[in-house]
Structures are given as C-alpha cells and as structure tokens.
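Before anything else, here is the set of structures, which you'll find just below.
In the two complexes below, chain A is the common chain; its partner is chain B in one and chain C in the other.
Let's turn to the complex of A and B:
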C-alpha cells in the first residue's frame, strides 16, 4: 500500500470515532435532564412562554430526532447559538482557537524539551541519584494543581517582584497587537519586526507557558524513562552492547528506538493537557478557547459547552491522526495498514 | 522440596509474606505512606487540631495575616484558614475513597465479563472507552457534574464512574491472557457456573494490577475534585474544601493576601503527592517489568 492510500484509509477509520464523539457530546446535556428553558425564560415566564422557548430550541422533539438534528447541524458546521449570549458558538470557538493554540504550542514544546532529555538521562542510570531526583520531581509535578501554580506565579512575579505583567490577556492594553500572519502574537510581531509588541507578547506568554511546561513535563519524564528502560533491555540494544560498540553509539540506538513510543505518548498526552491549558487560561484570563469553555461550564451555557467539548475531542482525534502519520514516516518497520 | 500449592501455605506465613512486601517499599514510597497517614489522622481527629470553628465567621477579622491567634490568617469572610485547611482533609478522603471504590466496583466486573466473554460486548465496551479517551478527563468531569447537578454526592458518583474504565481495562487485559489457561479450563470442565469462574477463579488472579492503581487513582480523584471546587462546580464556598478555598483566595493573590489560597494549595499538594509516591512504590513492587535490578 502506498502512502497516500494509507493516509486515506487511516482518515476513514476516524469516522466511527467521530460519530461516537458527537453522540457523547449530545448526551452530555441530555443525560442530566438539564432544562435551559427555565434559565432562558426567567422567573416570571408563563407556561405558554415556556412552551414557545421549548419549541424554538427543538426540545419538544423525541430524543433520537434531536440527535439527528444536532448531528446534521454539526456536520454542516452549525454548533448552535449560545443559550446566554445568542451568538453562534462556532464563531466564538474559531476566533478563540488560535489564541489557545499559541499557549499550547509553546507550553508543550517547552515541556517536551525539558521532559524527554531528563527522562532519557534518568533511564541511562536507573536508581541513581539523578533518577531518584527526577522521579520525585516528576511526581511532584503530577501533584501540583495547575491553577494554584499559576496563582503562586502571579503572586511572586507580578505582585512581589513586579517582573511579570498582570495576568490579563496576551498583550498589554497599551500596545497594539501585530498584524495577523500566524495568529501567534509573539511570532507575528517578530516577523513584522514589531519589537514593542514582541516584548509585551513574550512577557505575557512566559508565566502561563512555564506553568504548562512544568505540568506537561512531569508525565513526559516518567514515560520517557519507562520507554527508554524497555528499549535498553531489548535484544537489539543488548546485542549492540555485546558487540562492544561505544557507549555513544549504543545511546544513539536507544534514542532512535525510543522515538516512536515517545512521540505516541506526547501525542496522547496533548489530550489531557488541553484540559490543563483551560485552567491556566482561566487563571491568566488568556481569553482563548479554554477560558471560554470553562466559563460556559460554570454559567451553564450548554450549547457553548457542547461546542467546546466537541472541539477538544476533534482536536484530540486530529492529533492522534497526525501522530500516526508521523510515525508511519519515521518508522520504516511500521506496516501501512 | 515438592511444590506447595498456595492453599497449603499456612495463613500466618502468607501474612508475613505480605508484610515483607510492605518492608520492600522504597524510602520515597514510605514517605508517601507517612504523608497519607498524617492526613488520615488530621481528617479523622480534625476536632483535636482545629483552633477555631472552620465555618464560623469573625466579621471584625477579615483578611488578617497569619498571627498567633490565626496561624494561617483569616479569609475574606473572617474565617480561620488554619482550621479550614485541617477540616479540608475530610473532603480529600471523603471524596477519594468512595470515588475509587465506585470505580473498582464498576470497572472490575466490567473488565472481568468483557475479557472472559469477548465478542461483541467486549468490542462495544472497548470502543466506548476509546471514545472517552479523546475527551480531557478534567473537562469531561466538569461538564458532566455541571450537567447532572451540583452536589458533593454527584461529584463522587461522576468521578467514580468516569474513572472506572481504568480498572476495567487492566482487569480485562489480565483476563484475556488467563482465559485459556489450564486452571480456568479445568474449572469450566468441573462444571463451575460462570459467575464462580469469574469471581472465584479469575478475580483473585487478575486484580493485582488494578489494586496497584488505586492509590494513583485516589490522587487523581483528590486533584480533580479540588479543581471542580476551584471552578465553583459541585462544591461551593464557604465549604472548607481546599479547591473552594483556593477559589476564594484567588483574587487576593494579586493584592498581596497570599495566605488565603497558598495554605490550602500546599495541603492539597502534600496529600496528592503522598498518594502518588505510595502508588508509584506499589506499582514498582507488583510490576516486575518496572523493577530495576539494583
């Protein structure tokens, strides 16, 4: 099978998963028997007004019909209108997605850059001092509540030291944002040589990114170590050692053989980190998709919640797909099935 | 010496073997046990340690910094932060223990049946679990609690339910390898009913991996329930729950009243860290693949 066929087949395999995801998102609201009507109508509404709103929202239809309508709308890119603001959910989500991606990109990038080398180094000398230290550090990283870490960082670097800007948005209100190229304020302002904006964007990025990096590095360290240990114990590496190859050469073999499972792990990890990112956005008032979604959950705006949860799930599916494709490219042994 | 079947080993020997297992815990895991016990004592005997009533407000002492009277200061309602932090341990255990119990009670039988029966049921369950995996667990927990009603009991039920696939997967994987083993086949041949094979023969042989996970899953439950409370979902202020307390203190972090949010956060980290240390140590002992020759 050639490569384009593989990608096509792999993409088709996602479809049942997508149907399931849409169904789960739909059920999310129905399962609670949550009634938006009371929320919308207000305390003084009459029974007729209740019925009218119910009809308007399509809630008088049987459940399976509601699902078909919902699924049909989702396929056409209609995620409905927010119960509270009456704005189209898709519009809100698409305008905020890039804002979140900027944070996610830098956060996970930095987390991987820290996590993978530490994990590898720990695996080369298991139970050594370095291993014990990184292990405790990574367990600590697992245990710190993200939002609390963000608050402590704001307290130390904004309130005490005055190094960081207040946790409000992506760029200072006094600085005009750069022209739109990629959607990332930092990259765009660097590309347009807008140093003032670049400085402000960087200053606003650093605390949330470090926060996300710390939280994402913890599982990456742990898993990289486990993966590398398994590779070191494998026959091929033991054979390489038995042949008397130099330590450096053996390590290169270990790196090469660990790459695939590590990439797979980081890919699956992104799903969980999207949730963590939402909390960081909430604390730093980042204004992205995560903050939007959490606010929707807290306020009980369930069309928006559906849209948000659906977007996160679609994003995860996309990441899994990309990971599979990357692995097919870098791993000659993997069969294209 | 001839091979001894497990049932012939004296009971006291089995107990002492188990205890020897505990003494094999690494120093970090032992530290975890100590931390968990410490919080357990705080949770059970919180009355002995609290200096004030955790929910009585002193309107004249709002947002006071730590002092001899209020060791951790007071919050925006004028409540004693120290007493509230101590009392919060009750919520940590009170949510984690029932939530993990529910996960085990749902997940283990589901894993047993799915692994043993196989076929369409197994296929459907596994696809559902795969589908759930694409949702970030914290967001799913938040959304479900928000949708199904915000009460403490609901938080426990939702966390227990959402985490049950972890146990189902582990047990299922074990059962799949045991299904065709000789002892199961002979049990079938001897005419044992299915439930007996499942719960008397397969369960004891497949549950070890799942049990090793309980401490880590308890850490997860404590963390997620606090996150829910931080967002004001499920548990509301002024309940002396750590997440809810951090929520209350959040706005004061940028105005300098750090003690309201910092102390409950530290308590939360310690309990979760202790559970993780312990869980990690247990997994090392039970999973020979993770054991590294010393």
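Let's turn to the complex of A and C:
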C-alpha cells in the first residue's frame, strides 16, 4: 500500500468513529440530569414560560428526532448555537482551539524536551543515583493535582515573589493584543515587531507552560526509561555492544530504536492531556477551548458540550494520524496498515 | 556564549517583573474579576452574568432615594425619585400613569431619549414573555403608549402599589430604539442577535468590545445625563477560579471581585489590602414545609420544627456567624418588616410538647427527606444542620441532593410538589407587598411549597391595589403575623451580601438585585 492510499484509508476509518462520538455525547449530555431550561428560564418563570423555552430549544421533540436534526446539521458542518450565548459553537470552538493549541504546543514541547533526555539518561544507568532522582521527580509530577499545582505556582511566583504576571489570561490588561495572524499572541507580536505585547505574552505563557510541562514530563520520563531499557536489552543492541562499538554509537542505536515507541507515547500523552489543560486554563483564566468546555459542562450548555467533545475526538484522530505519518517517515520499515 | 545566556535570563526576569508592574491599572479604569463574561446583553433573558452588567447600561424612569444608616449609604425603600423621568401624574382611579421624560438625555450613539423609546422597550418585553413581562404582570401594566415626544402613558388593569418601585428595576430596560431598530430583521424584530454582543441604553456605561471567555470592556457614555463618572473605562475580566480572583484582589490587580463565598469572606476580612463591605437582610434562607404533605399538614409539627432549630448555632456553623436571624417573611431591607410576631426562639421542650400534641409523642422515626440543590451555596449545609438539630426531638431527616433545575421545576407554581426542601428567596423590589405576593400568596411564583391561607391572599390582593402607604403596611403587618403563626417555613437566617474590593474604592451601595452600580464607585 502506498502512502496516499494509507492516508485515505485512515481518513475513512474516522467516519464511523465520529458517528459514534456524536451519538454518545448527544445521549450522555441528555441523560446527565442537566436541564438548561431551568437555567435559562430563571427564578421568576412560570410553567408556560418553561414550556415556551423548551419548545424554542426543540427540547419538546422526541429524543430520536432531536438527534436526527442534530446529526443532519453536523454533517453540514453546523454544530449549532450555544443555548446560553446564542453564538455559533463552531465559531467559538475554532477561535479557542488556536489559543489552547499554543499552550499545548509549548507545554508538551517543553515536557518532551525535558522528559525524553532524562528518561534516556536514567535508562543508561538503571538504579543509579540519577535514575533514583528522576524516579522521585516523575512520581511527584504524577501525583500533584494539576489544579493545585497551578494555584501554588501563582501563589509563589506571583503573590509572594512578584516575578510572574497575575493569572489573568494571555496578555496584560494594559497591553493591547497584536493583530491576528496565527492566533498565538507571542508569535503574532514577534511577527509584527510589537515588543511590548511579545514581552507580556511571553511572561504570561511561562507559568501555565511550566505547569503543563511538569505534568506531561512525568509520564514521558517514566515511559522513555522503560522503552529504552527494553531496547537496550534487545538482541541488536547486545550484538552492537558485543561487536565492541563505541558507547556513543550504541547510544545512537538505542535512541533510533526507541524513537518510534516514544513518539507514539507522546501522541497518546497529547490526547490525554486535553483534560488537564482544562484545569490549567481554568486557573490561569486562559480563555481557551478547555475553559470553554469546562464552562459548557458546568452550565449544561448541550450544544457547546457536544461540539467540544466532537472537537476533542477529531483532535485525537488527527494527532494519531500525524504520529503515524512521522513514524512512516522516520521508520520506512514499518508497515502501513 | 555563557555570558550571552546570562543576559538572556536577566532580561527574561526583567520582562516578568515589568509585566507584573504593567498589570497595575491606571486610576480611571475599573477592573472587575468575574467567574464569567456576560452571556449576552438582553436584560429580558435571565442569565446570571448578563444581569450583572445590564444594570450598568440600562437605567430606568425612577430610582430609590438614598439614606445613611450607621455610616453606610443605602437605598431607601420608602422614597422613589425621578431619574429618566422628571415627573409623573396618576389618574384618580390609579390606572393611568403619565411620565414626563427629562429632556436632552442621550445615548452614546447621540440619539435623544423619547417616549417612543419607552414604548418600544416595553413592547419588546411584552413580546418576549420573559422577565420584563413578569414585572409588568406583577405591577398590573397592560399597555405603554407614547403621548408626545416626552410624555409616555402606562395603563394598568388595576391600581398597583408595586408599580412605581418596579420601575426602578433594569427590566424592562429602556433601549435606544433608534439604534436597535437598525439591527432588527424580519425574523429578529427586536434585534436580539445584535444584543448578544452590543448595548444601546441611556445609562452610564456601554459595551465597547467583547471577547467571549475573556473580557468585556465598557466605556463611559460620553453623553451621560447623570453627571461626571469617575471611571471612564471598566474591564470586566473573566477569571473562573475563585482562588485566583481572591489573589488578584489581594495584590491590587483587580479592584472588585464577584461576590465571594463565605469562607473567602472570612479570609478577606483579615486582609488589610482588601475592603469587605456588607449589606444585610434582603433574602431568606429557609427549609420549606409543604402543608399538603404529611406530617406538615399539622401546623403544630411545623411550629415544633421551628422551635427545635437553634438558629444561632446554625448561623455560626453555616454562615460563619455573619448572617442575621430571620424572624419574618418580609426581610429587614424592606419597609414594614416586623420581627415582633416571631415566637420561635430555640426551645426543645416546647418543640417536643407540640409534637406530642400533634400525635408524635416519641418523635417521627420514619425518615423525612429534606431536598437540597446547589442553586445557593448554603442549601446543603443548612439541610445538614436542620437534620442534625431535628434529631434532638426524635425526628429523622434525610438530606437528599437533587439538581437545581429539578428543584426549580418541582417548585414552579403549577407543581409545588416538594414536601421539604431548603431554598433562598428574596425580593428585588423593596416592597412588602411585592415580597409577600411572590412568596406567601397561594399563586406566588416564589411560594414553591404550596402555602395557602385565604386571609393572607385576601390581604395581599387588597394591598396590591391600595395606594395609601399606611393602610398597606397595616395589612402587611397582619399578613406577616398570620404567616409566621402558620409557620410554613423553618426560618433560619437572612444571609448577608458581601462585596470585596480594593480599600481605595468607595461609593458601593447595595441594591436588591445584588449588582453594584459602577457609576456610583470612586477611587480615592
């Protein structure tokens, strides 16, 4: 099978998955006991007003009919309107996705840059002092609740030390954001040579990025170490050693052979971390997709929740597709299935 | 190379410090931290954060007078002063009110306020059948018509003692209809779509920019008729986490935060970088007993439950001792509040005696469910305290959680099917008749627990049409007495309202809608 066939097949496989996701989220939000009518109607509403709102939202229709209407709209790229803000969900999600992607990119990027070398180094000398230290560190990273970590970082670096800016979003309130190019305040302000905005955007990125990096680095360290240990124990590496190759050359072989499983793991990490992202965004008032999703769930904004979950599913699929492509490029031996 | 690296670190640290400083605001900008950016700007749609900001844009025909109480400026429920209107006349039968508008009031768009704006705005509320329509119904308004450029006539189905005070509310809001109409379409005749992200009122502030999930920026209406405004810009910033909001306030990054929870209030009161203002006595936290359910069909059981609650202990346990003990269905903020009819001071032996008289000499062992939801933070702790205290008279109560929307639905006037539940209600119009009509009338929208007493209904119905203040207050006094003797609720406390702000901020006045008015705030 050649590469384009592979991609085409993969894309086709996404369709039944998405249908399942659409169906499941649609049903789950409705049996979840949330009733947006009560929230919308407010404390002074009469029974008639309840009925009127129910009708306006189409909630008086049987469930299967509601689903058919929704599914029909989704197929045409219409995710509906938020019941609370009356804005199109698709518009909301696309503008926020960029904001979250930026944070995710820097956070996981930093986490990987820290996690992979640490994990490899630990694997080359298992149970040594370095290994022990990184093990404790990664255990800590695993067990710290993200929400708490964010608050503590704000408390220490903003409240006590005054080094970091307040957790009030992506840029200082006193700085006007740069013109829209990529959606990342940092990159856009650098591109437009708006140094003041770049300063502010950079400073605002540090704490949430570090927070996300800590949370993502912990499993990456642990997994990289395990993968590398396995590779070190493999026949090929043992053979290379037996041949008397230089340590550096052996390490290169280990690194090459570990790359595929590590990239796969980082891919799953990215998709797994979107939940953690919500909490980080919440603490730092980041205003991204995670915060949007969390808000929507809390407020019972059905259409927004459905759109959010659907986007996450699509995102996961995309990440895995990209992982597959990267692996196909760096490892031509792998079969395209 | 190494040197270069150090330089970079230093400049990064400096940039951090710089940004922290740059966050401090200039004097003319007010920064408010809220859990959420407004969901829209149509006052008729009752959305939590919409309500908080529409009061800044939409001012009404009249306002309450002000009075100093213990060094704190308060709204005076007994007086109503002209605002957008400069005077009004009432027909002898009390059914026709003609308001003369103040001339020269302009919106930020430069359009002058006319009687057509008032007529259009009320038509909008009538058509939408939401909050504004409810207010119209409560105050008997059936029609609003422009008589001339500055004269507008309100027609009432019957005289209303509530009407004038209802006109202090932000809804039905008065819109700059000239501007709004430009954005109306045939499918959307009231331009509700446009109002999702725009404002057009005659009040102090109007929306400049909105970034959903981020911030709303307001600027002062340059044509504002009500005098100079201290703040020419207000940034309404979304900070979802309460802990973050509190930290931002303590460090001076924001000047005002959304109403904090009671635990945070206790913490903030100790901090010299924060000022916490308090206003008490608007709403009532209660456990309501439905007289249509056993054993609440016996008034002695309801009274016994009231005697069995140690209100001071409950106040301490749930409200950090910062609430006031509730003694009437008419709260103290309203005219005509009378605590003297209240007999239920904590008394276990009296409670037991009453239970025995009602046929329960050994208490009630079959568990009674006490429902609570999370519409108000105190619903759950109050339910737990009540259950615990009723144990002492041999009554088993099971606090049971339900969703807020289920509670609202089951408490709606047509159903009122819950037997025992905790809730909070309070009037947004400072008037005893309005309060009792909503809460104690058998058809009241906030009754929720099927309380019904034909004499109380009669007194309320009469007072609604009685324009003589003395007579109304006398009738409401009798109704309060009947109500408290019937004991349909376990009255617990009037929770206080706390507003946490920068110590330099002054001018905060508590409104019955619980929203501050930015136009009254100043920075020293």
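One rule holds for everything that comes next: the second predicted complex is superposed on the first by the 304 of 337 C-alpha atoms of A that agree within 3 Å, B and C clash if a C-alpha of one lies under 4 Å from a C-alpha of the other, contacts with A are read in each partner's own complex, and residues count from 1 in each chain.
Just so we're on the same page, a residue touches a chain if its C-beta (ideal position, glycine included) is under 8 Å from a C-beta of that chain, and two chains touch if they have at least 3 such contacts.
Please read all numbers here as calculations on a predicted model, not as lab measurements.
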Partner chain in contact with A:302 - chain B first, chain C second, else both or neither: first
Chain B versus chain C as contact partner of A:50, first or second or both or neither: second
Touched partner set for A:158, first chain B, second chain C, both or neither: both
Which superposed partner A:291 touches (first chain B, second chain C, both, neither): second
First (chain B), second (chain C), both or neither touched by A:187: neither
Touching partner for A:312 - first (chain B), second (chain C), both, neither: first
Partner chain(s) touched by A:278 [first = chain B, second = chain C, both, neither]: first
Contacts of A:169 with chain B and chain C, given as first, second, both or neither: second
First (chain B), second (chain C), both or neither touched by A:85: second
Common interface residues of chain A - those touching chain B in one complex and chain C in the other: 34, 151, 154-155, 158-159, 166-167, 282-283, 294, 300
Residue ranges of chain A touching chain B (in the complex, touch as defined): 16-17, 20-21, 24, 28-29, 31-32, 34, 126-127, 132, 135-136, 139-140, 142-145, 147-148, 151-152, 154-155, 158-159, 166-167, 226, 229-230, 268, 271-276, 278-279, 282-283, 293-294, 297-298, 300, 302, 305, 308-309, 312-313, 316-317, 320
Chain A - residues contacting chain C, complex: 33-50, 52, 84-87, 92, 96, 151, 154-155, 158-159, 162-169, 172-175, 199-200, 202-204, 206, 282-285, 287-288, 291-292, 294-295, 300
Residues of chain B touching chain A in the complex: 28, 127-128, 130-140, 142-144, 146-149, 219, 223, 226-227, 230-233, 243, 246, 249-250, 253-256, 258, 261-262, 265, 268-269, 272-273, 276-277, 280, 289-290, 292, 294
Touching residues on chain C, where the partner in the complex is chain A: 12-13, 15-20, 22-23, 25-26, 31, 33, 36, 39-40, 45-47, 129-131, 134, 192-193, 196, 211-215, 235, 237-241, 243-244, 247-248, 250-251, 253-254, 403-406, 408-409, 412-415, 425, 445-446
